[in-house]
Every structure is written in structure tokens, then in C-alpha cells.
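Can you keep this structure in mind? I'll have questions shortly.
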Amino acid sequence: MKILFALIKKEYLQIIRDPSSIIIAFILPLVSILIYMYGINLDTVKVTIGIKNDDANPEISTLVKSFGHSKYVKSIVYDNQEAVENDITRSKIRGAVIIPNDFSKKLSKNQPADFIIITDGSEVNTANYVQNYSLQIVNGWLMASKYKNISTKALINPIVRVWYNEDLNSHYFILPGSIAVTMTLIGILLTALVVAREWERGTMEALLTTQAKKIDIVLSKYIPYFTLGMMSLSFSVFMCIVVFKVPFRGNLFILFFVSGLFFLTASGIGLLISSKLKNQFLASQVSLSIGFLPSLMLSGLMFPINSMPLFFQYLTMLLPPRYFISFVESEFMAGTVWRIVFINSVFLTFLATILFIAVYKNTDMRLNK
Amino acid sequence: MINDMLRRVIALVKKEFITTWKDPRSRRIIIALPLMQLLIFANAITMEVKNIDVAVLDRANTVESRELLSRFENSPRFRKFYYVENESLLKNKIDNQFVQIGLYINNDFSTNIKKKTPASILIISDGRQTNSASIASAYATQIANDYGDEISNVSLQLNPTVRNWFNPNLEYRWYLLTIIVAMLALIITLLLTALSIAREREMGTFDQLVVSPLTSFEILLGKTLPPLVIAMFLTVIMTLIIIVFFKIPFNGSAILFLISVFISLLSITGVGLFISSICKTQQQAILGVITFQMPAILLSGFISPIEDMPQFLQHLTMLNPIRFFMLLVRGIFLKGMSFNDVFYNLIPLVLIAILTLSLAALTFKRKLD
Amino acid sequence: MLTVKIKNLTKTFNNQIAIDNLSLEIKKGKITGLIGADGSGKTTLIRLITGLLVADSGEISVLGINPALNKEKLNPKIGYMPQKFGLYEDLTVEENLKLYADLKNLPYDFDKILTFTKLAPFVHRLAGALSGGMKQKLGLACALMGTLEFLVLDEPSVGVDPISRKDLMEMVKNLINPNTTVLWSTAYLDEAHSFDISVVLDKGRVIYNASPNDIAKNAQEFEQKVIDLMGGYHKSASKIAQNYPNLDSEIICRVEANNLEKKYGDFYAVKNNSFCINKGEIFGLLGPNGAGKSTSFKMMCGLIKPTKGSAKIMGIDISDNPSKARSNLGYMAQKFSLYGNLTLKQNLDFFASVYGIENDRKKERVEEIVEIFDFKNIQNQKAEELPLGFKQRLSLACAIIHNPPILFLDEPTSGVDIIARKEFWNHIKSLSKKGVTTLVTTHFMDEAEYCDRISLFYKGETIALGTPCELKKRVGANTMQEAFVNLIKESER
């Protein structure tokens, strides 16, 4: 026990001496949360749409105007087809609406009136927005115009209710979810070099001839970075709840319990890289390569896991942030749901144990060369 | 004179290749990890929401309501249906995430339809997974509307034609893969450059270089070329993979594409070398990389469009090479961007490259003490 | 009573034999010196004894324990100081001591050790900021803690000045109890001569195992005997010098320091340092660790900017035109600073090209160097895997590969075996006759005798400057070692 404490103390002293650990633990989450807060918006995306009206009827000019009045659309009026095309290629506008010269004529004759919506399909998300916004605006204009057909009344009225997020604020799930992505990265970065460094600097050789046991060495790496990581995680949660006012309906105790399990897996990944490679250069390369993108892309934060091919759904089961995102979003927005807490904790515990065993097995007590 | 310089630079380039490329462990990391990620992301990620599970509470249980529900059952997007008896069971299914959406049909559904007054149907989406939930509820709304249109026999007043340029079927993969190539190229380039000088500093070999007749410029050149060549090579491989195996259409000029990739990678190399030149240890270098890489990816316009960001962040993205890199890759690939448009987007990249490379060269000298 | 019993031990690395069917017994309560040529297997043997490596075959028993099987039982009984001592450089002296005390389950009782090591004033300094000699003392202090049965030291005196070396020896002799066995590997033969037993290794075998006094009465004689044991040194004409181009230049003062000064905060690392080294002169910079030798060195080649004064190489000011000035320079750093992940030959190739040797000449030159330095068998090994002595030789080889008119060598022979050192100085002497100017630091006092002039450095200032004879005469000393100690004492007063 005394040996373990001594090693842990040493690790803390090293953390204090090297500002980069502190920066990783506290500045990085701050930067990250600010980016997710202000740089990322998944609710209502504002797009620039070009509009070209070939119909000389003055009634139609109100349609052009209503594009200008929409909150979500910035419109640019064109009278030259070629300019429209060029600007779409250049990504200056994300799409365009073209009103043909017989538009008002057909409307007054009660024939279906043709018009064209062009989108820049190279950006699929904005293309969808262009399509939806344009249809809404044209429809809205029609309902308020003299061309409105009385009989147009849908018999079924679908009402959408969004539970747990009535305000439809995507930050309510992005911010807590982003903690999982950031913390995976931080867990790996904090720990990926700490074992390799001791091998390279020769301190491991001295350590191996002391009375420190394998379990002491492993735990002395886990515990300090785990506590540092948990402080960092608490800091992020604090920022979410207090500064950015994300509603928290769950239980703080449960949140910290599952966070702890999660951070054990994140630091386990880093320690595994470090103790396996024993070389700072290679460990850095690996952690830079896998630290960020997989957890951003495959954890379910941005892209639905359910829609992936089955094999890849199973593959994501190896990613700790997947479970944490699922848990943390639910805990924040719906409060404690025991089934969700339980399933995710079980998987996290399982992964944390496997990683711990792997780290332990890969901690050498002798030199290889 | 020129010969001497060339000889020195070639020696340095050779040395760099031996360290990063000839070392089998390092090479495996540099090649295998990005390519593996490319293959996984390409196959796994989709924006389409599939396999949606639904909980249904049908209080009407009439011909009409059953007809509507059969439309859902026949849609390929929906998977499992849980028919429940009461509200609390419906809530339970949603709370515990057995389902992504819930449908509630009131007992006046058919009577309303017969009275020709709008009959409501409630679509409940799980706001904890807002991203996929909102897409799922849009599908559900669509199905309900279509059914409503069918039974009310309304005549259509508008007949929009949607043309999705460059990507007629709005295949998300086309968009995603061009972006992933750019992101992975960024990661490879950074991990090849950011460690190179920091590592030499840590090992003491940098002094040896400084004392040699190598000038700052030559060191810069020797440190720039190998990562550039390796990253270029891998980017071309990834590009070929997405063309050949994932059938992404390549509509632009191959030469323009290569030039754009080259200049983009050059600017990223500059960033990486600059980070490396100001860091004393590899630990600091990976921190530097992450502090750049994470915001660069998140604020590249990939997750949320740039014109949607606050003004301040929009200005900041002018310094983000990955923003222009992604635009160019996608633009040349899918849109067949012309020389003029490519040139216009290359200017900021060239400026970033000049700025960062000269900063790096200046810092070599400054950092001697 | 035996502490170590080894029978027919063999250890190979990638089909290269490091320890070859070795048998050895180490007696309890004695200090045993381990000496041998570079690459003779000293470090491997030590690591096998401590259980850090496991042998391919053979029997080994340390304190009655098999280190390959029961390393954890052995650990509490031994103190081990590896070559790269395991100090945490980002921890202070006190924190390092406390850590090792805790690891060995001992109370924080450092008074005695701090007085002995003279580290008391520096307890709150980071270990990384200590001078080389003090680091070694601290390392030894950590290894010495507790009541040990067996102390294993792998070249603790590499890069340590004569005074500190004496201190290290005193520390060991005073801080252990009479029953403690010591295994001490060293390249200093005067040190080895003072031990109870000498074990000489050669190519992984024991070629001598008895008291050093059996074959030699004093250190000088012992040195000669060891050289004979290792195959003898035959002085021959230096091939490096033979092929060296003649260096004609008008400049007499080849290397010049003018009032060099370096100040860190209020602390003068180097103060008022001026000298001029003439063509063909070997100029020695001597002084205890931490006196400011390396700082002067780095200022001379432009790695550190002086706060005052200037340095000129071949008449060119290093801060005005560093590139041009440095092209005349061969530099060998104190710490091994070549590319560890490149092979020996790749390192030579690299430095040959960087220093502007034309491609057609390069191959020839590299082969020549390989032959002169005896690198044939190891030229395809990675530099980081080489034994310390070979690393030093490689560094030197890289420094002279381009036939520079000026050599800056910072402790070039630290950790190098005696024969290689003799060869090395033979080269330097011959080169100086060809007009090569050398600035060198060393902690081997016998080497100081080779210098034409010596500047003795202490606390950042030159306290004596002159030929070795002049310096000895000044304080009435017989050997350089004595002169060194006396001159420093004199300046203390």
C-alpha cells in the first residue's frame, strides 16, 4: 500500500510539473464545449437560396419577397440562369428556386403549377434543407394568396411531439454527448505516453528492481489519471449545467458513477497503447490516429447506430463512448431510467475490466532487450 | 552551392523516410489505421434512418386506423411494432428506448375522417436522440400525410420538380466519403509532422542538426517533403479506393485535384511543423495537434454549415485549411469545379502554408536557448 | 560465502551472443569491479543478475534466489543503479529521495545521505537541473537506501569529475555495512584497482577474476595489465590523420572566445571567459561537473546565445554567420545525440551527406570510417541498441566524417573502454599534427596530459590556464589528478 501511495504521489507531482496534462484536462474540454455550443447547430440551419422568377405577374413578386422574409433562408434574386448555375458550383448558394413564366397562369386555371427546385446535392444535408424550406415557403405563400383553393384541406393532421426535449434544442443532447467524445480523447491523451515515457527515460528499469509489484505499477498509472480525468469530466458537466443551462433531470450520483466507469475505459485504452508500444513516438501516432474520429463518427452522437449494417453495429459495441452517450443523454434529458443505466453500466464495466486485464498483461516486469 | 544544399536536403529527407516509413511498426500505424477507418466509416455511416422501432397505441382500432398502420408496417424504414394497451405502457416503451417513436391514434379517428374534419394522429419522438428521432418523425409525418391526401382526394395546386445537382439521389455516402478522405489526410499529415521536431528535441538530435551546416530553410525543406510525399501517397490511395470500391463519381480534372491536394497538404504540413517547432516534448506536441485538429474538424462545415456559425467563428474558419481542403475535394470530385473556382479556393491555403511554414522556420532558430 | 553463483550462462540477442557460457562467483562482503571492452557484455550480465533479463540457458543464483524465477523476492535485497539512472528529472531531489524511500519501505531519514552527497543545498531543485556529477550522486543515494545485501552499480561514474568520483566511492564505502556485496562496473581503471576483486569480461566470457593487486601494485600498472588481458594496444599510425587533407589557412587563432558570459537570472553559468586556440592545438576544458564547461561549449558552437561576449570560429563570428562558421566544425555532444532508430551505417551516411561529402566520395569515406572504428560487425545495428562505448565511438566518427579543421568534443571518451580511448587519443594527436584544432572536455585526468593547454574551469570562471606541466608545477603536484584537486582547493580559499 505504501508503495502504491508513493508511486501515485510521484505521478501527481509529475502532473503538476508538466502543464500539458493540466491543459489537456481543463482547457481542452473548455475549448471543445465552446465549439459544440457555438459552432455546431443541428436544429435550424440557415441556408442561402437563389431565386429566379420568370413570371412577370406582379402577384408572384410577393412570392420572391416571402423568400426574403423567412428566418431560415437568405435569398439572392437572380435573373440569369447561368449565374445561378455558377454560384451553385461555387457553393455561394446551396440551391435555387426557379419560377417559370406560366406559373401564375396555371395557378389561376387551377392546374398544377410547375416550378423547379435545384439543390447542390454534393452537400446532402443542406440539399434537404433547401428542398424543405423552399416547399414550405411556396406552400405558405400559396395559402395566403388569392390562388388558394378552398378544397385543399388535409384530412389527417399529424402532430409531432418531441418528448424530453420540448424546446427542440439540439444543444441539450449535443453538449452532454460531446462530453463522451472529448473525454475519450482526453483519457487517451493523458495516459498514452505515461508508461512509454518511463521506458524511454530509463526510470522503468530502476522501478523494476524495487519492491513495487506489477499491480502497484498498473494502479499507480490508473488512479492519478482517473482522478484527473474525473475532475475534467466534472468540469465539463458543470459547464453544461451551470454555464450553458442544459436542463439536468437525472441524478448526479448516478451520473458520476457511470462517468467513472466510462473514464476507466477511456484511460484503459491510453494505458494499453502506452504499455504495449513502450515508445512515445508510436504511442503518439496511434493515439492521434484513433483518439478522435472513431468516437465522433461511430458513437451515435452524429450518426444513428441503428441504421448501420449489423456487422458495424456490433463493431460499435467496442467503443466506450457509445454507451456513455446513450446514458448521458438519457440521464440529462429524461432523468434516471434504470434499464438504460443498467445496460450501459454493464457494458462499460465489462469493457473496463477487459482493458484493465489487457493493461496488466502488457505491463512487463523485465526488459526485452 | 545548389548541389551542396541539395545533397544536405536529400540526406535529411532520406533520414526522415527511414524513421517514419522504413520502420515497420510506424508504417503499419500510418497506413493501416487511416485506411481501416476509411473502410469502417464508409460502410457504417449513413444519414438515412433505418430500422426504426415503433410503439403503437391504437385507440380507434377501425378500418382507417388499421389501414394507416399498415402503411407504416409496409415501409422499409420501420422495423418492429409493439402494440400496447395503454398510455403508461407506451411511455414505458419510449422511456426505456425499446422504440424510437410512438404513435397514438385517438378513438375519434375514424369518426372525424367521416365527418371530413381533420383527424389527428400523435407522433411521439424520443428527443434524447434528437438527430435520428427528428428524421424518423419526418418519415412518419410523410406517411400520414400521404394517406391523408389519398383519402381526401385533394387536387394538387403545386407541382415542384426537385433537381439535385451533382448527386441526383442525394446519396449521403458521396458527400461523406469525400469529406472523410480530407479528414483522414489531415490526421495523417499532422501525425507525420507534429512529432518530428519535438521528438528530435527530446532526443537531443536537434542540436546536432543545428550545429551542422544545414540552414533553417534546409531543415524546413527536409522536414516538409517526406510527410508531404507520404500523405500525398495515402490520399491518392484513399481517393482511388473511394472511386473504385465505393463508386463515387469523379467529375473533375485529375490534375486540378492533385494540385489542390498538394497545396492543402502543404498548408497542413506547415501547421504541423509549426506546432512541432514550438513544443519541447512529444506530449506537448500531441496536445498541440489535438487543440488544432479537433476545432478544425468540427468547424470545417462538415457537421454544421459555416454560414450558420456566429460571425466570429466564421472569420476564424478562414484560417482553417481543412475547410478549403474539404470544399476542394468535394467540389472537384462531385461538381467538377473549374480552374477559376479551384484557384479562388487555393489562395487561402497558399497563404496559410506560407504563414505557418515561415513561422516554423523562424521558430527553429529562436528556440535555440 | 557467495552472493552470486553463475554457471554456464548464455544469452543471445537476435543470434548475437552477448553472454557466452559464462561462469562466475561473486564473494559476499567484497567490492567486485566489472571491467571489459565495449560490448563485452557488462550491462547484459548485470541485468541478468538483477533479473531484468532472463538467460537462454545456464544457472544463476543471487543471494540464493534465482532472479529469473523469483525476481520479486530478490528485489528487496538489492540496490541497483542502471546506466541511465532512473531519476525522475521533473521531480526535485527531495521528492526523488522520498519516492525511493517509500518504494523500499524506509523512513525519511536523509540527513546522512544529504551531507555525504553535499546535495543538502539543492534538495528543492529539480533533478533534471542538477549537474551530471550530482545526478549520479543522487542516483547512487537512491540505490544505496536501506540495509542492502547486494549493491549493483552499472557505470555510476560515467561523466563524473574526479572529485565527485571520489565522493561516490566514499559514499559506497561509508554507507554500506561490511556484509554488503558490491558489483561495480566501471571504465575507470584506477577505480577498479582499488576494489577487492576485478572481473574482466571479454566477448561475454570472464577472462580474469581475482584481486587486482595480484597482477599490479598500482593503478598505472593495472591499466597496462588490463590492456594486455584485452588483447593489447598496438599503437599504429592513425589512418584518419593519414587521409586528412592539409589545412592551410592564414588564421592563427582558429577558435576564439571573447569575454563570453552566460547569465541565468542572477546566476552566472559562465563569466568572463576568454581564450584563443591556435592551429593544431589540443585545448582541454577541465573542471568539476556544473562548472559551466558544457555551457561554454554550447556557446562556442552557437547552441546557446551568450548574454555577453562573442565566439569566433576560423575568424567568423558564430552569431553573425552560424552556417558558415559551423561548416568548419565537427561537434560531439555530451549526451548521445544521434538517431537511435537509424542503423550505425545510416547515421554515418546521413552525417556524411549533411556535411557536404559528395556522393561518389561518400561511400568510400563511410567504409573507411567503418574500418578505422572497427564497426564492421555492428554497422547494421540500430544505434540505440549499441553498447555505450560504441555509441560514443559512433558520435566521434560522425563528428570527424567530413574532415573538419576544428573539433569540439564534449566528453568524447565517457564510458569508452581503455583501448578505444588510447586509439582515440592517438587519432587526435595525429590530427593535431596535421593542423586540426581541438577543443575537448574530459574527466579522465590521464587524458588531460595529452592536451597542449588546459583551461581549468570552476564555478563559471577560468581559475588556471596553461600546459599540463605548468599547472602541475604551480601547485607542486605529481599527477594531473592531484593538480586538479589542489587547484580547485586553492581557488576555494
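Points worth noting:
The first chain written gets the first letter, and so on, giving A, B and C; residue counts start at 1 in each chain.
Throughout what follows, a contact is a pair of C-beta atoms (placed from the backbone, for glycine too) under 8 Å apart; a residue touches a chain by one contact, two chains touch by 3 or more.
Please read these numbers as outputs of a predicted model, since none were measured by experiment.
Of all chain pairs, the one joined by the greatest number of contacting C-beta pairs is A-B.
Of all the chains, the one whose CA centre sits at the greatest distance from that of subunit A is C. With centres defined as mean CA coordinates, subunit C is found 53 Å away from subunit B.
Between the CA-based centres of subunit A and subunit C the separation comes to 54 Å, rounded to the whole angstrom. Annotation: 12 Å between the Cα-based centres of subunit A and subunit B. Each of residues 18 in subunit A touches at least two other chains.
The multi-chain contact residues of subunit B, meaning those touching 2 or more other chains, do not exist; every residue touches at most one other chain. Within the complex formed with subunit C, the residues of subunit B that make contact are 4, 7-8, 10-12, 14-15, 18-19, 23, 203-205, 207-215, 368-369. Across the complex, subunit C meets subunit B through its residues 298, 301-305, 323, 326-327, 329, 331, 333, 335-342, 346, 349-356, 358-359.
Those residues of subunit B that touch subunit A in the complex are listed here as 25-26, 29-30, 33-34, 37, 40-41, 43-52, 68, 94-97, 100, 113, 116, 118-135, 137, 140-141, 144-145, 147-149, 151-152, 154-168, 170-172, 174-175, 178, 183-184, 187-188, 190-191, 194-195, 199, 202, 281-287, 289-291, 293-295, 297-299, 303-305, 307-310, 313, 327, 330-331, 333-335, 337-338, 341, 344.
For subunit A in complex with subunit B, the residues that touch the partner chain are 18, 20-21, 23-24, 27-28, 31-32, 35-36, 38-42, 45-48, 74, 88-91, 94, 107, 110, 112-128, 131, 134-135, 138-139, 142, 147, 149, 151-166, 168, 170, 172-173, 182, 185, 189, 192-193, 197, 277, 279-282, 284-294, 296-298, 300, 302-304, 306-309, 312, 315-316, 326, 329-330, 333-334, 337, 339-340. Remark: subunit C residues 13, 47, 50-54, 71-72, 75-76, 78, 80-91, 95, 98-100, 102-105, 126, 142-143, 385 touch subunit A in the complex.
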